[in-house]
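As written, the chains take the letters A, B, C and D, and residue 1 is the first residue of each chain.
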Amino acid sequence: MAEPLVLTLSCADRPGITARVTSFLFAGGGNILEAQQFNDRSSKAFFMRVEFDPGNWERDHLCDQFVGLANEFEMGWKLAQCDRPKRVLIMVSKFDHCLADLLYRWRIGELAMEPVAIISNHPRESIEHAHLGGIPFHQLPVTPETRPEQEAEVRKLADRYDAELVILARYMQILSDRQAEHFAGRCINIHHSFLPGFKGAKPYHQAYERGVKMIGASAHYVTADLDEGPIIHQAAEPVTHADSPDQLVRKGRNIESRVLAEAVRLHLEERVLLNGHRTVVFGN
Amino acid sequence: MAEPLVLTLSCADRPGITARVTSFLFAGGGNILEAQQFNDRSSKAFFMRVEFDPGNWERDHLCDQFVGLANEFEMGWKLAQCDRPKRVLIMVSKFDHCLADLLYRWRIGELAMEPVAIISNHPRESIEHAHLGGIPFHQLPVTPETRPEQEAEVRKLADRYDAELVILARYMQILSDRQAEHFAGRCINIHHSFLPGFKGAKPYHQAYERGVKMIGASAHYVTADLDEGPIIHQAAEPVTHADSPDQLVRKGRNIESRVLAEAVRLHLEERVLLNGHRTVVFGN
Amino acid sequence: MAEPLVLTLSCADRPGITARVTSFLFAGGGNILEAQQFNDRSSKAFFMRVEFDPGNWERDHLCDQFVGLANEFEMGWKLAQCDRPKRVLIMVSKFDHCLADLLYRWRIGELAMEPVAIISNHPRESIEHAHLGGIPFHQLPVTPETRPEQEAEVRKLADRYDAELVILARYMQILSDRQAEHFAGRCINIHHSFLPGFKGAKPYHQAYERGVKMIGASAHYVTADLDEGPIIHQAAEPVTHADSPDQLVRKGRNIESRVLAEAVRLHLEERVLLNGHRTVVFGN
Amino acid sequence: MAEPLVLTLSCADRPGITARVTSFLFAGGGNILEAQQFNDRSSKAFFMRVEFDPGNWERDHLCDQFVGLANEFEMGWKLAQCDRPKRVLIMVSKFDHCLADLLYRWRIGELAMEPVAIISNHPRESIEHAHLGGIPFHQLPVTPETRPEQEAEVRKLADRYDAELVILARYMQILSDRQAEHFAGRCINIHHSFLPGFKGAKPYHQAYERGVKMIGASAHYVTADLDEGPIIHQAAEPVTHADSPDQLVRKGRNIESRVLAEAVRLHLEERVLLNGHRTVVFGN
């Protein structure tokens, strides 16, 4: 079997798209391994993800051939190699549980990524518990005054490392509108609450004060509108009156790590498509 | 074994409360069946629930005897019969799934309550699917203009039926501040979202628009501050992009029924104590 | 829009099936509303479910036309009307919580079924809490000795009522091999444990004895091999040491009702395909 | 505040135990921080856990004083320092996700333990992904023939390191009856299935073959009876037909790590009491 490819696309819904796309792949000798589609009846939009063995087709040739069909349906589309690790830039602050979790999953081959660099606003020594190995580390401190320069530096590093995805692994800094736009659709944040509840800072303390009986975490694409970006994945777990804020923080770490890792995996495997300010997630 | 009693109390925390209370019960010939306590380290408050076999002690005598101890510690306290069904008034609007669920659980003996009456702002015929049996039904239509009179009528009925608990089983009407205060601590509402997200009306449509990946429901005591009352119980379940608002409503019904029934059970069994605007829930 | 249809099929996997099937539907003027497929890499089998607006096509004509394609790929297939209520026979014993739950969901339009009759081995009076309305009720008592005759009677009733699905809603009787075979693929049972743990009788007491920290329920197609049929849906919830067997039974009722209703819904909407002794479930 | 202590005890249930124990603590100047009890109505046994500030009392003196009361009620009991890290020996095989997770939690202060050594039947190089730091590592290869000697070696190391708890973090070797007895009550295993389903080897492959819709993991004390030891904690998550055995393994890793870490935490905090072949877990 050749290296499998994954085609993702979206366009206005109309009869025949699936037939045309799958016939195109079949005609070229492709063999579907996994296919999912979503016909959004409210927005009349169509979304598709097809993982396939391209047979004798080269990826570039296939792309050239597909352009006609894509134009006819005015598709947004992408043809990616399934298993090629994406180049990932991870940003972190003092809490390193999400970072440690992502790196462990990367090391055992669970996440098809290549961590090209880690950026923190704190010094390397503050990452006490995660094992960075040889991954380049950059400290870029930030204050309200230096934010524009610091963010320019981040963009420069992202360019230099040719980063395809930026992960805010409890980075704890709000990105400027400009920065959020720059990385639109390729920057995932973990918010340590069950959005849309408890936006902003110290959500576990907010949750404690409110006396909720469940806490959660939300992974979403970053947009200029803080904590309002398209949600990729969420999870929640029960808590009780006996949980102090510290306990909530402890229980929350589990959820955050898990939710972020799952969102990153879904993104890396091209399973997340944008549908306005929402997402279509072709899970598995 | 005599009919078991349940003692619930709260007071400022200080050394010796548990010793004093349990020694008191033991001296009177009581035998503890289940006991739980919570020392709230942040508010320095103490909460306790003891279910016990009173032995030869009469409940009234026991109450008289306990007053001294209660006063010494400035306790809020209550001595209730465990299994005596509480008199419950259920208010409902057009959706009757929570009502049907509560009545079924009552009929099979799962909830120690006696539904003394059902009040709806709609006519009896609008309760199409729940089996009311011989429970008295009162239609009390309401408009913004007639709310004061209608609410007075509700209070009158609650008095006439000697209702100990009012359940808003998807009643879909906002209570006035006055009404909320009148029933403070003895009125449970089911909010069809995972508070504090999506307050107010049409939360499933809000959830759909926001593109969340989980929906939930919250049962809470009613306070003047809409959807801000002390939360008793919550639950949540995963949803996907493929869930239309109608599907969310369908999935939500399951969660609402379950969450409300659990909150009502906890209340009926004297397992919920108020801790400011939060609750202490001595679950089982 | 014409009444939507749903096409389900399975066959050996090979390139081009999706293209051929969707092109066929497109050519006939059909418009896909929802489509899911599963390429089982271990068994090399292919499964598909397509919900579509047939446009001007008549269902019968469409069937005739599809035969050629179906034969070419040696498909097992079915073309069903999406919204036509299926004729359902419900069997029950003394516990009626699953029955009550199914009937409520039916009454509010959540389940596309028509309950044609209820069979119990106990008299009608033993169904105390579920509201049967006008649904025909048949008491068919059974003992080990009379099982063959009783089961023949069940088959006769199923024929007479033209039942398309038999639901064992806590029927608590083991079917003979013959009966299980007779209703293969159209009889759903709820087992009140998390299969494959605790097969057989009194699973909650088994769970209590074993000291598990979660209990669950499993809905499955009935086969001759007791509690070994293809699983359609499962759920589980946490329990504690403080849960007596009675409490487990109470908590279990919630899970059972929910799991059975979901399995029935999935079946009624043609979302469950058999894959050997496992199922493919095209959920939503 | 003095260093808090935790008193755990169990005995036959009879009136007055709570009163006597809490009065004893109060008389000595102790102040209860958290207290839980369980009156097992089926076995007529009583279990209690009290976390308290001992005031001016020394732990040793308190022990001496408590002996009389303990003897009177024929208690099994223990008086431990809450925050003293327990000396823990971790055994592991080739999969290191549970090990990595435990060590991370230890490093950030989530688990009150001190990993005194790691034992593997494989060489140190096989632990590729977990960061061992300076923790002593011992390779003790084992075959059916050398098991007695290897297990003696393990006991010797446990003695030498004065280990209070042995964690089988996916050790994948069955202990002999003798070894299981030796470490009874102080050896926790993670079984990668939802016991009692899928005992023995390759549970995820068993789960795949059976076509279950949820998978889980169970942490339990080790006993001679394989996978039948008292369960401490369990969790489960939904899976689908599309999950290959490899996917189940991946999803399972999350559950295993989380369940084992929670069981270890509960044990370290003296929250788990044995109740025959079941456990009483005073969670928080």
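Here, contacts are C-beta pairs under 8 Å (C-beta built on N, C-alpha and C of every residue); 3 or more make two chains touch, one makes a residue touch a chain.
Predicted, not measured: the structure shown is a model, and the values here were computed from it.
**Student:** Look at the interfaces A-B and B-C and say which one is made up of more C-beta pairs in contact.
**Tutor:** Ranking A-B and B-C by C-beta contacts puts A-B first.
**Student:** Which chain's mean C-alpha position is the greatest distance from chain A's?
**Tutor:** It is B whose centre lies farthest from that of chain A.
**Student:** Rounded to the nearest whole Å, what is the centre-to-centre distance of chain B and chain C, using the mean of the C-alpha atoms as each centre?
**Tutor:** Result: the chain centres lie 36 Å from each other.
**Student:** Between chain A and chain B, tell me the centre distance in angstrom, where each centre is the average of that chain's C-alpha atoms.
**Tutor:** Chain centroid spacing, chain A to chain B, equals 41 Å.
**Student:** For chain A, write out the residues touching at least two other chains, lowest number first.
**Tutor:** 34, 41, 240, 242, in rising order.
**Student:** Which positions of chain B touch chain C when the two form their complex?
**Tutor:** On the chain B side, the touching residues are 34, 97, 100, 104, 107-108, 110, 128-131, 240, 242-243, 247, 250, 253-254, 258, 284.
**Student:** Which residues of chain B touch chain A in their complex?
**Tutor:** For chain B paired with chain A, touching residues are 38, 40-42, 194-198, 210-214, 216, 218, 230-236, 238, 240-242, 244, 275, 277-281, 283.
**Student:** Within the complex, which stretch of chain C touches chain A?
**Tutor:** 15-16, 18-20, 22-23, 25-26, 29-37, 39, 41
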